[in-house]
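Look at the two complexes coming up: subunit A is in both, with subunit B in one and subunit C in the other.
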Partner chain A sequence: MWTRNICIVGVLSLAGVGVAQELRVPASVTAGEETAISTTGNGKATFYLLGPGLANKSEVSLGEEIHLRSQDLRNAGDYLAILCAETCRSSSFYVTAAQPAGLSFLVHPSRVPAGMGEAVSGVALPFDQFHNLVLDPVTVNFQLTAGNASLLSRAVRTQNGVAWFRTNSGKSAGKLQIVATLGAVSSSRAVQQVAADPCNLRIKGLRTPKGIVVETDPVRDCSGNPVPDGTIVTFSAAGADGRSTVDAPIKQGVARAQIEASGPQVISVASGVVMGNELRVGGQP
Partner chain B sequence: MKVILPIILVVVTAGLMVLAVFGVGQASGGVATGSVMPGLGGAKAVTPEGAATNFLTQVQRRDWGRAYAALSKASAVDQQSFTQEWTGSNGGLRTFSSLEKFDVRPMHATDADADMRVRLHWTTPVGPVEEVRDFHLNHEGDSWKIVWHKMQMASVPAQVVPVTYLRWDLVSGGADDEWGSHNVDAPRVRIISMNAVDSAEGSVVMGEVVNEDTIPAFVNVNATLVDAAGNPIDDESSFDKIAHILLPKQVSPYRVDFPKISLKNVKNVRMDVKVTLVPASADPVIGVMNQKLDPDAQGKTVLRGELLNQSGQTVNIPHVIASFYDNTGKVVWVADGYVDRALLPQSTEPFAVEIPKSLAGKVQNFHVLVNQYSMEKS
Partner chain C sequence: MSRMPIAKGHFRSAVRIFGLGTVLLACSFSSGAADSSVRLQLDVSKAGPRAVESETEQVILRDYRFAWTSIAQALEVNTLDPLEGPFVGIAKKELEDRILNQRRTGLSSRYVDQNHKVQAVFYAPEGDVIELHDTAEYQLQIMDGNKSIHVERVVAHYVVLMNPAADRWVIRQLQAVSQF
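So, the complex of A and B:
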């Protein structure tokens, strides 16, 4: 920006101050479209066009239109046209983004426990074909589906080029498909809904010649989703011999451990910060 | 001059040799301390302390023949088992360790037998490890000999152990992926308790951390001590006082040490958990059996127990991390210890973790976690 200002100041000071020519810029220009700037006066002049990522210099004839090529107006933003003969005159105009041609869509998180409030959020940003953010309000449709069931359908107007939503996660584990649509443009993302913390963790035990085999009932969350295999379940057995603990992973929905203890034991179970029931197992006969 | 210098060197060398021969093995009373002096040793042990010192000097030098020769006839061990006990096997921690120094302290002595307590200082890849052993010696002929009892080594019969273990693999997206389309969030990990205390060595920040997610996490806990003006005093990480790989819903103790910093100067503690998604395996499952708080031979309170490898994979270096709770459920100490022998499939190894004397009375409950290093995985 400062280089542009230095350039402007330099051009103006070199040319001195005068009122020999005028230039008239268009009221609004769309990115990627050709346009023209009309001029008044006679003779030759130097034309400068400064814009986002652009600095052009050309020789023009005063009194004729200056044609601005579409490739010079691809970036949305403020442009400054400077026309210098004996003196310099300048005028600015704004190039707005073209029609939305793409949608950047961010969804967070990529993985969410089922049945969690306000846990899924998404942000959509419309861009034109030249990757300019479309600031004019447009309507983005957000659709959330889990399996064949539609969980949410919401039309949101963009504000300053951004449309967003926030919603609860679904009740069942699995893939949550999220689609943002703007006219013919759409973008889809997937969020993995996983089981939440175990609920009603219950164990049963059986004394064997080698000790006690203890296993959980199928471990599920409060919505009934099976807790994923590999989740650690901690079994603790307390007896006269001391305490024994086994961190066992859930396999096929059930966690199982063998505890080597001969005397009567009180066995408890936990997974993360969730506690389960207590079990009393008598000593070896 | 050309003649005098070699003569002086020869005389000094001979003097040192004589000093070593009569110095080592002649300690009487107090504590005898040993270190290797190459080329010496094997002198007849006329005192129990000298016998123990000579024996450990041979062990230090890995001269197993001479060390074995220092054993009593009453010893029930063959040389191979004896050597294996000192050198380790199956890629256990002992196989990577060397005896740096030792102290010998007499416990009891008569003309016929004696008991010595030896403190062995090992250098290992995981830091210095101290081991305390009691030696029983018999006076046989004109010298003292060590009675050695064969250590029970786990013997695993040939078998097939079916393991339907779970594993998490990571698939990275391609470089041409659209922005924001294939990101996988880091696992959700939370510190569930934190306690800062002053200890003899400095300040200690400890507590527990849980992986709340459904995928494994690589976890590191960092703590920063902040003074009253808001300036950081020091920052440290939990290093090996944590189980770095946490499987879903697994809870690990952590401890961050700040040596030589008193809590008096600390106004605030900033905690930071660094979490990364990593591939992991749910195997092996290691049970911690018969955990008990007991006083050891030196009167210190230790948590003892046995590790039971319930899988078919050898765990080369088992690492035990324990959190100790007071009667309100607050974590009052976190201690760890390495087991120097490999944990073979379907076998057990004892472990012991020490807790400070000042906390022994407060401890009401404890939780033990086993971290494991296996060569097959690295």
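So, the complex of A and C:
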């Protein structure tokens, strides 16, 4: 560390601290606004401005203001102004984000079972027109609607440039519209709500000359949404001659299967992790 | 094999040369031309609403450190290559613009002896964005050609947004602020 200090002191000594020119930078600037740096001294100097996305060099006259163009100050961050005549002087200032002009809005998931707790979440980040993150607190309104029903309306103040929510999915299958609004700026996303796991899975059976025909009642989730066609329902039959299993997809809301067995059978049904009722069917007469 | 005696005067000269050499060597090392080390501490204890998994913590630590190594390399030699990978979006564009402007004006920047104290302040419920607050200390050297025009020990504060990509976490936003 001491060697570094010696070297820094050496560099500063070589730079000749204590010469005439000075520069005065603004305390803070809003992104995209022009400003000026005042200088003192006489003669010509080289002016450098370094910042995010920027590294400019120009000849200036000492004692005059240095005009900084708005297009050079679009990116929020720290800027370093260096003025070199016989020696160099420097000063730094910050550019802060302008007013929010857009929202980055992340919503998860894209598809969610209906009636699930804490299943939908969203994160909104306000940005200004130059894509700087707006860190001053602002209020973002989140609105969730399914059909004509409002599921959630919540105003959230950003903290460190972020506002977020988490909530339950709605009860009915269909499109869930999620809108984040900040003043005149809004961003919307859609989440598809689908039926959850079947609920109250029930079957009925009928012995025929070829075996047993089993059929579910219309398969619905616990909120009453029809479980989508194609969902697999598993029928299992257990009898004296062993156990057999048949997988059948739901078609038009109902799953149907034929089990070839002549003796008495106990038939059960399941879909995913959900079990239904058991059905006892007598043997063939 | 015989040994030649060393005269006292020659010995003193040798000591002086050795001493001067040692000081110059120490200066050259400490001035940072070869010092690209990035020390980094990451604290995820205050992140929320989702807790940062330890595997994720390690990967972010690795990738954020690599990003600053890349910044130092890119801005010192004015090449865009190190930016491929660690940066996306506006963070990448700002660094690219800075490098292209440095090339145009003959400037270069050195970030030497970096020490970052990073705190995760937000981790999204689904883990798709993390916000870091980095209090970074480094020596900043600005060169105009071969001439040093600015040397400063800097304490800077950065607000950082990172997203998970295919095989790493990438920086989308790297925005310096006056304070957190």
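Observations, loosely collected:
To be clear about the criterion, the second predicted complex is superposed on the first by the 268 of 285 C-alpha atoms of A that agree within 3 Å, B and C clash if a C-alpha of one lies under 4 Å from a C-alpha of the other, contacts with A are read in each partner's own complex, and residues count from 1 in each chain.
As a convention for this text, a contact is a pair of C-beta atoms (placed from the backbone, for glycine too) under 8 Å apart; a residue touches a chain by one contact, two chains touch by 3 or more.
What you are looking at is a predicted structure, and each value in this text was computed from that prediction instead of being measured.
Of the two partner chains placed around the shared chain by superposition, subunit C is the only one that A:L54 touches, whereas subunit B remains out of contact.
Shared-chain residue A:G242: touches subunit B; no touch with subunit C.
Once the two complexes are laid over each other on the shared chain, residue contacts for A:N132 go to subunit C alone; subunit B is not touched. Of the two partner chains, subunit C is the only one touched by A:S28; subunit B is not. Of the two partner chains placed by superposition, subunit B and subunit C are both touched by A:L106. By the touch criterion stated above, A:G77 is placed in contact with subunit C alone, subunit B being left untouched.
Touch criterion met: A:V162 reaches subunit C, while subunit B stays clear of it.
Contacts of A:L152 after superposition: neither subunit B nor subunit C is touched.
By the document's definition of touching, of the two partners only subunit B reaches A:K251; subunit C does not. Within subunit A, the residues touched by subunit B in the first complex and by subunit C in the second are 106, 108-109.
Note for the complex: subunit A touches subunit B at residues 104-111, 189, 194-195, 197-198, 227-234, 241-249, 251, 257-261, 271-274.
Across the complex, subunit A is touched by residues 23, 26-27, 29-31, 49, 89-90, 93-95, 97-98, 101-102, 104-107, 109, 113, 121-122, 124-126, 128-129, 131, 133, 139-140, 142, 144, 148-153, 156, 159, 161, 173-178, 180 of subunit C.
Residue ranges of subunit B in contact with subunit A, taken from their complex: 164-166, 168, 179-181, 183-185, 192, 210-216, 247-251, 282, 285-292, 305, 308, 310, 366-370.
Across the complex, subunit A meets subunit C through its residues 3-4, 6-8, 10-12, 28, 46, 48, 50-57, 75-78, 80, 82, 84, 88, 90, 94, 96-97, 106, 108-109, 121, 123, 125, 131-133, 135, 159-162, 164, 166.
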